[in-house]
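The following blocks contain the structures, represented as structure tokens.
You will see two complexes here that share subunit A, one where it goes with subunit B and one where it goes with subunit C.
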Partner chain A sequence: MHGKALPYLLLMPATLFLCIFFLYPFALVAFEAVSRDGAFTLDNFRTMAGSWKFPVTVRNTLLLAAIVVPIQLVMALLMASVVSRLETGRSAALYVFAIPLGISDLAAGMIWLAIFDQSGFLNTLLSSLGVVDRPVMFLGYQSKLTIFIAVALAEIWRATAIMMVILVAGMGLIPKEYYEAAEVFGASPWQRFRRITLPLLRPSLQTAIILRVILAFEVFAVVAALGGTNLPVLMGETYNWQFTLQDRNVAAASALLILAISIGFTLFFLRVLRVPKEARI
Partner chain B sequence: MAEIAIKGVAKRFGGFTALHQVDLTISDQEFVVLLGASGCGKTTLLRIVAGLERSSQGEVWIGGRRVDHLPPRERGIAMVFQNYAVFPHLTVFENIAFGLRMKKLPQQEVERRVNRTAELMHIEQLLKRYSGQLSGGQRQRVAVARALAMEPDVILMDEPLSNLDALLRLEMRAELKGVLAASKTTTIYVTHDQVEAMSLADRIAVMHQGRIVQAASPVEVYRNPAARFVGSFIGNPPMNFIPAAKAANGSWTVAGLTLSGPKSDKPRIEFAIRPEDVDAGGEGLRATVHVIEPLGPHTLVTCDVEGGLFRAILDSNASVQVGDDLRLAPKPDRIRWFDPETTNAL
Partner chain C sequence: MNAITESPVAATADARKAGDLLLVATALLLCVWVLLPIYLLIVNALSSPDQVTAFPKRFFPSFDLGSLSFFINFAGVARALWNSVLVATLTMILAIGFGAPAGYALSRFDFPGKGAFRFLVLMTRAFPLPLLALPLAVMFIRTGLDDTAIGLALVHTTLALPFAVLIAFSLFSGIPVELEEAAWTLGCTRWQAFRKVILPLALPGIAASAVFAFTISWNEVFAAAVLTIENRTLTAFLLQSLGESPLYLKFAGGAALVVPALIFIFAVRKYLFAMWGIANR
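Moving on, here comes the complex of A and B:
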């Protein structure tokens, strides 16, 4: 057998699998999104966009992503820098930070619900400290801001570790000599971070941000657990169209919209954080 | 003015002592080479001077200022790293400008210095390129230019030529010598290559197992090794050593030859001579020829003297044959003696 063909041959089963179980259903969904009763139409998108909830869901989703992702990025960078500098116990620290990764998003939502609930941990703490005399309703329908904050907190708690793990791996690839050279040539710790770590970490930053942004547009279970219908998001609306309103075509259109937004942002970050070939490590 | 004083510096890594009580003073504008085999502690000592490593003990002074507790950037040094450490995400221009930008020099001054050092290192045409587009030799030039652009009091170099191929190394060696002499900096240069050390140094500090065994001019180190190790490490082929037995006070028997030497109470000491410091014929050391290697300008003869290996460099006209019994007469003023216990010169 020709040596060059072997890798492609080995990839064949996975590719076939993807085609059958992903591309084909995807094509079906895409078709459903642009048709009704077998005829081509854009009505599904019009129906989706015409719903009074639509602008709210789009705004909530984008706002959540815009607030959660940058905070997570900064925290992940900070944590990764600290972890990378550890001489002993690095893997122990990584495991601890990575614990939330092992928990499903719904479970994460429920953990934070247990904290913010009317009979939850936070209320118990506050009343035992005498700060409040009766339980506060943090997540009631009239306190949208608190719900938003709770969701953001839960999201940050849940998914910062995934970025951190990627960044720790990336930092491990930067040779120590660059830092020493920067140090000798006068760079302070902050300048070393800005002028060496950040630029050389670009490939990992790219991966981490893209992964996290896509996850942010798919946010669903955490919001459902903490906010119910008080904080509608895109994915929740898709779910509604499919299961509550029983309209698969509009649900498909909504899913396609999420996909389009994800692809758009992926392309954006691929472009913005691109490293020219000659400037790689 | 940047005199460097290393006073009683020691370094331990856990239970392992990489440096024992090193003392070395380097005058302003002097070029000192730290020479020694791999693992003897050269890099560790250089990094302690640079501030990249903390000493376990002792003091480092640069330009009359104690710097042990200062970070590298406050020590007035620049460094050329063994693997160059040319930043991959910056152009050659920005690499050379890196330290100047950290110092917040005005753009005009940055440009002036980058252009001047780039010209000095013959890389003016590479300023827009990235490290990935350079050859090893070009990267080396960028690393040196980046150090020179700082106009530092002290330049530290860790085996800067060891990653270059032989021809390029020769070329860069000569160039470095010229450039550094003109820059009027104090230089500490680390290498394991004795030829490099000889050709560059004002003074060579020979290191062995975490100690400086001798610090002297290249000729002094070659001619008058302070310890047996120096003689056996420097010179290619190295010095020959033969046991000497006491004949009378101040007179010693060496391979059937009686020579006058140091007055010592010891019954046995060691006689030493460089391979080129013997002549064939006349009164001499009894030697049996094993191998003859004509090298052009001279002939390297490996023989057996008193059951030990002995190398002699003879004139290429010398008519020696394998198996010959030779008499090798040592030049009296080139004979050195060592104490076999302390291994120091007598």
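Moving on, here comes the complex of A and C:
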């Protein structure tokens, strides 16, 4: 009877695939990062860290994540709460909130370019309100702050949906009885949110934050569309090392740095937002 | 007397009404936040090139197809569109072909190694996967897969496969095993029972996860830009021509990326939570 072998046969294609296209390239990128022409060296990391752009790049990437992710967390919680309390139009609101989930980061960059460009909609609005007399250059090389704000807004707009969807799914798992009991004892909506929703939502919050933080370190196309090279970020610099500077060992070192930061933050949030097994619903 | 007993009730009813109003207002405001930027991009895409670069801007489209026809006739765009569709279709086939059997095995069997496989799948989420395109670029040159649709589709499949596995797992888990067993007692073989009883029930969900795999590939920018040179996808094409392309080309291209995404998300809206809800466990 082949009953015992069947699950393994079914899993084999996916497992082989992940070994060849996930584990193996991961080993390769680690090897390329610490070697040059076959010999072990840490020069690639030195070259990467020695570039004048490197400190700015790291600072931009971390700052962007530090500003964008908390705002998104609050907005996602707001969206999820609204959706779970809405009686009419619930599915319509859900669909609208989820739309950015399907939108490419490059397209999101184009969308916000339409707003922030010199001949764009924001300038039109500002000049018709009389705030400015002539269109302002928001995305020029001298206006790093407005580029940063535009990128942050585009990121918040684009990737809040992914957290919202996870949180809505998580809120659906919380038993209604808890809220009814709290209401009987006179808990206000805010108290119910703080004392019931937030603690019981912890596993979903953990997943949402981890996924979102990893995506935040991958920010690339939004920045390319809005800031060009004026706002260097880690992923963009990795791309530059590979193509403009044609040094794939340093590109690999840069990639490994992003991987290390991502894994570091994943472990951090797994620990900080740990949920004991018996506390799960 | 009557007034005294009624007033607290009336007060809570008033508070409730105000709360409902606030809820609806917040929901509408959040919908505007999501939809307005998309609308502005569409306004640009449906205006003539002159109107796109003009200032001040009109907030309504002129329904001039100048920008769009310029975009479609621009050298390389038609081919890039075709490549995007081709790569996304291949990704969809690979992800479902590998992922669905694995999801079925996870839902129906208990076997040693099950935990290890789940860990492997979940681990992919802690990595910025597009980075793995860097080492694969070298491997592809050696194996002749460089700059081919199938090569890029393989990388996109690493992004889509974990979703395909987890969605299939939750879909098959939702179909009672008794249905299958009943078919066996009526003389069906394992394969016949699967094809005639289980598959028709799972098919809509599988189709949704196929659409999701298509969307992931359609939107991916970094790996596409790293791995394709001649056979660029639409995202890679738009990214690499950011520097020199005129605004109306960018906006028309952005709209070309966004509109299919809107349809995709609409098509899978029912399954969004099955896709993300299960990611919590």
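By our rule, the second predicted complex is superposed on the first by the 271 of 281 C-alpha atoms of A that agree within 3 Å, B and C clash if a C-alpha of one lies under 4 Å from a C-alpha of the other, contacts with A are read in each partner's own complex, and residues count from 1 in each chain.
Just so it is clear, contacts are C-beta pairs under 8 Å (C-beta built on N, C-alpha and C of every residue); 3 or more make two chains touch, one makes a residue touch a chain.
No experiment lies behind these values; they were computed from the predicted model shown.
**Student:** Would you sort A:V131 into first (subunit B), second (subunit C), both or neither based on which partner it touches?
**Tutor:** It touches nothing on subunit B or subunit C.
**Student:** Which partner does A:E177 contact after superposing on A: first (subunit B), second (subunit C), both, neither?
**Tutor:** Once the two structures are laid over each other on A, A:E177 reaches subunit B alone.
**Student:** Between subunit B (first) and subunit C (second), which, if any, makes contact with A:V74: first, second, both or neither?
**Tutor:** A:V74 contacts neither subunit B nor subunit C.
**Student:** Pick one for A:L200: touches subunit B only (first), subunit C only (second), both, or neither.
**Tutor:** first
**Student:** Which holds for A:F185: it touches subunit B only (first), subunit C only (second), both, or neither?
**Tutor:** first
**Student:** Return the chain, subunit B or subunit C, that is in touch with more residues of subunit A.
**Tutor:** With both complexes superposed on chain A, more residues of subunit A are touched by C.
**Student:** Give the list of subunit B residues in touch with subunit A in this complex.
**Tutor:** Where subunit B meets subunit A, its residues are 50-52, 71-73, 77-79, 81, 83, 85, 87-90, 98-99, 102-103, 129-133, 146, 150.
**Student:** What residues on subunit A touch subunit C, complex-wise?
**Tutor:** 4, 6-8, 10-11, 13-15, 17-18, 21-22, 25-26, 28-29, 32, 75, 78-79, 82-83, 85-86, 89, 91, 93-107, 109-115, 117-121, 123-124, 127-128, 135, 157, 162, 165-166, 168-170, 172-173, 189, 203-204, 207, 210-211, 214, 217-218, 220-221, 224-225, 228, 235, 238-239, 242-243, 248, 251-252, 255, 258-259, 262-263, 266
**Student:** Subunit A touches which residues of subunit C in the complex?
**Tutor:** Against subunit A, the touching part of subunit C is residues 19, 23-24, 26-27, 30-31, 33-35, 37-38, 40-41, 43-44, 52-57, 59, 94, 97-99, 101-102, 104-106, 108-109, 111, 113-114, 117, 120-121, 124-132, 134-139, 154-155, 157-158, 161, 165, 190, 215, 218-222, 225-226, 235, 238-239, 242-243, 247, 250-251, 253-254, 257-258, 261-262, 264-266, 269, 272-273, 275-277, 279-281.
**Student:** Show which residues of subunit A lie in contact with subunit B when the two form their complex.
**Tutor:** 175, 177-178, 180-188, 191, 195-196, 199-200, 275-281
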